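What follows is chain A paired twice: with chain B in the first complex and chain C in the second.
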Partner chain A sequence: MRKPYRWKSFLPNYLILTLFLLVVFLPIFGVLLSSFKTQTEVIQGPFHLPREFQFNNFVNAWTTGRFSDYFRSSIIVALAVVSVSVFLSTLTGYAFGVLSFPFQHILYFLLLIGFMTPFEAVVIPLYHFMYRLGLTDTYWALILPQIGLSVSFGTLWMTGFFRSAPQELIDAAAMDGCSRWQMLWLVLWPLARPAVLTLVVLIFMWTWNEFLLALVMVQKETLRTLPVGLAFFQGRYTADVPRLAAGSIIVAGPIVLVYVLFQRYFIQGLLGGAVKG
Partner chain B sequence: MVGRTLWPGESRLKGWVYLFPGLAIYLVFVFYPILETFHASFYKWDGFSSNRTFIGIENYRNLLGDGQFFKALSHNLIFLIFYCIFPILIGLVLASLLGRRPLPGMSFFRAGLFLPQVLSMVVVGVMWRWIYNPAFGPLNLFLKSVGLGALNRSWLGDFDLALPAVGVIGSWVQYGFCMVLFIAGMQRIPKELYEASELDGAGSLRQMIYITLPGLRAEFGVALITTIVAALRVFDLVFVTTRGGPGDETLVAAFLVYRSAFQQNRIGYAAAVATVLTLVIFLVSFLILRVQSRQEE
Partner chain C sequence: MAGVTYKNVWKKFGDVVALEDLTLNIEDKEFLVLVGPSGCGKTTALRCLAGLEEVTSGEVLIGDTVVNDVAPKDRDIAMVFQSYALYPHMTVYDNMAFGLKLRKVKKDEIKRRVEEAAQILGIEHLLKRKPRELSGGQRQRVAVGRAIVREPKVFLFDEPLSNLDAKLRVQTRAEISKLHQRLQTTFIYVTHDQTEAMTMATRIAVMNKGLLQQLDTPQNLYDRPANLFVAGFIGSPAMNFFPAHLRKDGNSLYVDSGDFAVKIPEERNNVYMPFAGKEIIFGIRPEDIHNPDFAPPGIHAAPVESKVDVTELMGYEILLYLVSGKNNYVARVDPRTRFKVGDQVQIVFNMDNFHIFDPSGDPENPVAIR
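Up next, the complex of A and B:
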């Protein structure tokens, strides 16, 4: 008999949470709905259902809106940045967390600076540097700096993991005659799964959503990433809500999908470990 | 470092081998450009010609004198209200209203409230431009439908309203983050503290001041750094919604960097703005971390 009583006592809490959740969801839902409407239906109001779902908006954005090109760029850049950054961060984190070497503290501090650095601070010389190397208007200009920035966060993150790895395990591996390289990949790496997954989803999100670097480094339309593509698309079709909505869904879709699948890791990572679970 | 030792006969340089590839990319593409930004701020250069002249602190003098920079910075400060103060207040009030009992289904609400954090700011900007659209935006449609059509505005085109209108978007993005942070934090405070204080006859306000707020110190640190840095860095959102307009009413520091460097070819001046902005961001993060670690002692 206690159960219904308990449920009721939670009711005010659910009401408050639902209210604030609606403030988040309603605009997003409105955009989703608009992406299936015609321009005339949009004007009738945000939550009127479309008479007929217009999948054409997506086809238009994908082909004439060139979102297929933007999508390809975003995927290439994100995959390259995530895989290389996670691999390199594992190595650097291992060095700081398990090995010991000269100038350790200075080098760690040096990397810490990068973690706090906004792209605004580096984008001007970076552009001219890339231009001299002939790398502007190539994916390299988007990938290399993003790896640099990701490695600085990744090093802090992975160092935290490797420092917490039990010393007995490391000693046991040494007793068994593991080399340092084998210890990393055969003993510690399998334990690193949660830490690595968090790192993967965070770097993926930051790279996918990155705007300033992609805006500055690439002029060629086919090389633009999704966020930059959408920003210019909006400049061209200011009032064409269905098309813009469809474009927005294409940009946000993959990241929301990854978020839904791995939300625990996202939230844990973004709250900086302040929340367990 | 804690109790990690090298093996007998192992080279002390082995760590560098593991460090090298990651560190090299970082140094070349992040660290060197930071220094180069600082360096460039002492020159006058248009970005393409070969004539680059050293002018000392002239760029900094210009920046202090032309009003543009302070205008941009003051807008960043106003954004602090929207990005930092509102979300933290909302988060605190809600967390305390919800109380400290674990709620069944909380992970669903948590995931939902967190959603704006993962969206591209370009998408968020496009969405809110539609909401604010003077002709058919949901906001004006709503006002009209409840008989407040007289309040209809061109929200992002209005000289007085554009800045708060963009700020509200910032609050929308940040408040769920703060809520989730504080709710989780409250559940970690030992419940014995509350029970003991009840025995001593403390009311809920006193509990808030003496138990809850001090108990949330770590969460405050995370919330402050994240939201303050977000307010200082705003760029994508302004680029998409207003491009700094109308006039310069929504100009922010990062947009000033972009505009000066890539549209007006004033590299030195842009570098000076970027240098000041970066220093402010470093200083703020450093101060908050410092205050926090001192309190924890």
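Up next, the complex of A and C:
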């Protein structure tokens, strides 16, 4: 017999959850609503529904804000950073998690320093470094440092996954005749999907939202990424709230989309270390 | 086909000695079982042979070749793991074919071998499934199949039955024995379960604390254990031990525990006479303690007074937990026995089958006097 649904005992949980949901969601909802309003409707309050949805705001923002350039830059940078970082993190994670070699612990520690250092502390020397290399005002100046930073975390993340991989499976693969390279790509990589996809989402999100580096490293307008573009855009149209709101939605959209696509694996990946399958 | 030799093998993990000077010669086509409690070094011994661990010193040979520096894949051995260690993203077929594919065996040859192994194991209908769609017993078979298709010189089994339920374990035990007869290859099998060891092995290597205790046939291990550890480990319920004094009385020798004294048959006096007057440990198996009414005829029966503490009816036998003074012990008696808890009874020791151990050398593990 199924127990009757005792909603009363769940009520406090739902009240608290609803409260949190509102705290998180209301501002986003406000921006989303504003992006569909006219200038005058905005003054009537953030949650006042528009009379007619002004899709035009998005077109306006896209063209006047040069978002097509920023979008292209963001996509190029994000794709490069995510793919290279995930690949490298898989290699380093495998090395630290499964293999054993001299100076393993000290190297692991050094790699993690990158993860501990606040980015703001290194951005100026990094600029000079990139300048000497002649890489400022190129995509390289955005891509290379972010790969460096992401691999720190990626190593930590993937090492955690590889360490939790069953030892007997690794042994079985060794006895079956796998080289180290084959063991990684034929046996362990297919099992790593939740961990890898989670890493993809996280690195994508960080890269997409990166502001400071993009602000410092490139001056050319066509190379600017979305967050920087948005900042300049906001500087220009301070009064035009609907257009600003539309711009913000354009910038935030892809992350939400990536998260929605991968969220099942994302949750799996986050739980992967804690709950043994 | 090949035998396996361990020559003075040591394995240390930091300060922990996992294998202490292991020397062991396993013959071609033998079914050798390494048995011992957990942490005794048996799995380490197997992993050193597989190449999954490097030995600290000594030599491991497969056939006549020293394999210390040979990679696991080039040792021509296959292993079945406790957790089966199947590749979860591959079908049963691919799991079995994987090792062959890596060795660049031709496709039709792979197909032939996988199908033949599947037929031997009765898993032909499972070839397209993934491991998660299989029961424990089926996974076990696939793991064995993965080893068979490789046609290795030596098969290694690391506690392959311990994840199965009791009934399936007994069944699979018999199947592995049959497989050994069919394949005529060297099998090395690690277990902590002495029943598995006794039922399957050609010879058993009993290990404890990294040391080989005894290497012998199952029957000899049971009849003539080399020391107290082996005597206590092989057999269930375990052998009873009594600290005692070997008393000389005229021409007779008595085992005197303080609570009872039993006479040693005279034809064995010469073996034990040198230990007269010394402290010893007397051992007798539960099956050599009888209800006098049902004792086999013609044995040297030594009567002992006891109190019945617990009785366990097993159907085909009764386990009696007995108390004699400070000694507790177990007897395995005829099911027609009608003793009740609390009864003061007389039982008999069969003095044709007993063991005496000398604690003067190694008090932790006294050796048998023979």
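Operating definition for what follows: the second predicted complex is superposed on the first by the 256 of 277 C-alpha atoms of A that agree within 3 Å, B and C clash if a C-alpha of one lies under 4 Å from a C-alpha of the other, contacts with A are read in each partner's own complex, and residues count from 1 in each chain.
Keep this in mind: a contact is a pair of C-beta atoms (placed from the backbone, for glycine too) under 8 Å apart; a residue touches a chain by one contact, two chains touch by 3 or more.
All figures in this text were calculated on a predicted structure; none of them were measured in a lab.
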item: Partner chain in contact with A:T64 - chain B first, chain C second, else both or neither; value: neither
item: Partner chain(s) touched by A:A174 [first = chain B, second = chain C, both, neither]; value: both
item: Superposition-derived comparison: chain B or chain C, residues of chain A touched; value: B
item: Which superposed partner A:S100 touches (first chain B, second chain C, both, neither); value: first
item: Touched partner set for A:V241, first chain B, second chain C, both or neither; value: first
item: Footprint overlap on chain A, comparing chain B with chain C; value: 174
item: Of all residues in chain A, those that touch chain C in their complex; value: 166, 168-169, 171-178, 182, 186-187, 190-191
item: Parts of chain A lying in touch with chain B, wherever the complex brings them together; value: 10, 12-14, 16-18, 20-21, 23-25, 27-28, 30-31, 34, 42-43, 45-46, 88-89, 91-92, 94-102, 104, 107, 110-111, 113-114, 116-118, 120-129, 144-145, 147-149, 151-152, 154-155, 163, 167, 170, 174, 180, 205, 208-209, 211-212, 215-216, 226-228, 230-231, 234, 239, 241, 244-245, 247-248, 251-252, 255-256, 259-260, 263, 266-267, 270-272, 274-275
item: Residues on chain C engaged by chain A in the complex (per definition of touch); value: 47, 50-52, 72-73, 77-79, 81-83, 85-89, 98-99, 102-103, 146, 150
item: Touching residues on chain B, where the partner in the complex is chain A; value: 1-7, 10, 12-16, 18-19, 21-23, 25-34, 36-37, 39-40, 47, 90, 94, 97-99, 101, 103-105, 107, 109-123, 125-131, 133, 135-136, 138, 141, 172, 175-177, 179-181, 184-185, 218-219, 222, 229, 233, 235-236, 239-240, 253-254, 257-258, 261-262, 267, 270-271, 274-275, 277-278, 281-282, 285
